[in-house]
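Look for subunit A in each of the two complexes below; its partner is subunit B in the first and subunit C in the second.
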Partner chain A sequence: MVTNATSFSRSGLSDWLLQRLTALILAAYTLFLVGYLALHPDLDYAAWARLFAGLPMKLFTLAAAVSLAIHAWIGLWTVLTDYVTERLLGPVATPLRLALEIAMILVNLGFAVWAIDILWGV
Partner chain B sequence: MLKVSIYRYNPDRDDAPYMQDYEVDTGGKDLMVLDVLEMLKAQDPTLAYRRSCREGVCGSDGMNISGKNGLACITPLSQCVRDNQLVLRPLPGLPVIRDLVVDMSQFYAQYKRVKPWLMNDEPPPPIERLQTPEERAKLDGLYECILCACCSTACPSWWWNPDKFVGPAGLLQAYRFLADSRDTHTEERLAGLEDPFSVFRCRGIMNCVDVCPKNLNPTAAIGKIRQLLLKSGT
Partner chain C sequence: MSNRRPVNLDIATIRLPITAYASILHRISGVALFFVAAGLLWLLDTSLSSPTGFAAVRECLDGPFARFLLWGSLVALGYHFAAGIRHLVMDLGVGESLEGGRRGARWVFAATAVLAVLAGIWLW
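Take a look at the complex of A and B:
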């Protein structure tokens, strides 16, 4: 068993499942938005605001924003633990990786909170 | 004359590795790469490589042959010579001891980690533990591995984390014992593999399947391990 403190769920199985589940939500949301934009070529602010006024769309968008944060956390954590390692960079790697991981986590959380603020603040 | 370019490094003498060029007369025959190495060894006795059975059974002469890992003894020149040139390098990602000889300690450490032996707490029957033909058939495609390390050293995930990711060879053997009807330690084996590195660092790029000289499929075995983890962990 390899231990780790900064992965999203600390479990390989949970991370793997969540990455797939969040990918499905993101795919559905992307398809929906692309389809909506394709069907509304003369889109104006009023129609756009109406789309996001209903609770189902707010919840769908929230699910997509949270999914993006989780998906990016798991994916970027994997990239950082692959390439920012002592094996490749020497002793500087551990503090550097930790700093990058914390920055990545804060940015992800920040974007998720910002999305909530936009959805319910406008 | 066939041009052969070989990775040379003798840590006692050389500051850095270099490529040395040789020419060999193959007489137009489609020799195996190992035959060419033997001819070169006669020309230059300082050339170092591992070999033993010369028929793809022992797994000693795994090396990077014109960019693809394989066994020198069963790789014909027709499969790997381009523009009349053969390029031989040691297996990637492992420390080089000398020329084409690599230090396999890390590879064996990961093999050892999956406890590649049968564990059964029940008292042994008088003669042997029996399997049905169907149960035995589940081990086909798993037990044939010769531990040549061609797969694990072709895997980027293993290059980056050889101490944490078990790698395709180790995981194929992990599944070989998970799939064995006589083994009773399935849960314990799975618990040791559930973290984000041991199994899940596999990104499914299938380099292992592409290079395996025995045509085995570690990616499929890794998929089966994930299914078992899913079954026991959800």
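Take a look at the complex of A and C:
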């Protein structure tokens, strides 16, 4: 069996499932946040900070941030392996794809750490 | 199977069906949202840092360029959301036929148009 060193879970089936689980979490979080902002047009800092200070919202935001990192990792990996190929770009494709994949993974990990840092300070 | 059959993988010479546009736009909107995510995290970070930061974010989003950028981000999000729901519906075995796939793609484009108008009404 050929495994891939840069896919999220090293398994296509597991990536497939995780892409859908994280999509559901991100969809729920998006609907909640857009709904909240639409219902509070005159939002001020105190109410905004209070919303994120509560433990349920902290956990919801953490779940969404981790989901975003996993979802974007799987999605961008798929895009990079489809288009940054030797067939389309020649011999430079393999080192270029590896570099882009590592950069994309680091940025996604950075997103998750950044979100934790934001929640830590509220 | 004969490995000498003719193969055409030059996508530029193929007229894409509506389902292909639905698929490639799902990818393009996804890549765009990866960059949008960095902006949203910055907005969240700044808006939660202090009352001054919150006021700065409100002021920043009041600018016409920032508002248009936000609208574009919401449209990309709306499209990616609708196309993702279509995927989940197809995973449940609904709309998997050729005609079902075409109908789903049209539904996604229509839903995005409605969401784009709603986002515009919300922001302006």
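Here, the second predicted complex is superposed on the first by the 119 of 122 C-alpha atoms of A that agree within 3 Å, B and C clash if a C-alpha of one lies under 4 Å from a C-alpha of the other, contacts with A are read in each partner's own complex, and residues count from 1 in each chain.
Methods note: a residue touches a chain if its C-beta (ideal position, glycine included) is under 8 Å from a C-beta of that chain, and two chains touch if they have at least 3 such contacts.
Not measured: the values here are computed from a predicted model.
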Partners on subunit A (subunit B, subunit C) - clash or fit: clash
When both partners are placed on the shared chain, which of subunit B and subunit C touches more of subunit A: C
Touching partner for A:L68 - first (subunit B), second (subunit C), both, neither: second
Touching partner for A:L39 - first (subunit B), second (subunit C), both, neither: neither
Which superposed partner A:A23 touches (first subunit B, second subunit C, both, neither): second
Partner chain(s) touched by A:L76 [first = subunit B, second = subunit C, both, neither]: second
Superposed model, subunit C segment overlapping subunit B, candidates 3-11, 21-29, 75-83 or 111-119: 3-11
Touching both subunit C and subunit B, counted on subunit A across the two superposed complexes: 87
Subunit A - residues contacting subunit B, complex: 1-4, 7, 10-13, 15-17, 78, 81-83, 85, 87-88
In the complex, subunit C residues that touch subunit A: 9, 27, 30-31, 33-34, 37-38, 41, 44-45, 47-51, 54-55, 77, 81, 84-85, 87-88, 91, 122
For the subunit A and subunit C complex, residues of the former touching the latter: 20, 23-24, 27, 30, 38, 44-45, 48-49, 52, 68, 72, 75-76, 79, 87, 104, 107, 111, 114-115, 117-118, 121-122
Subunit A-touching residues of subunit B, taken from the complex the two chains share: 157, 160-161, 164, 191-201, 226, 229-230, 233-234
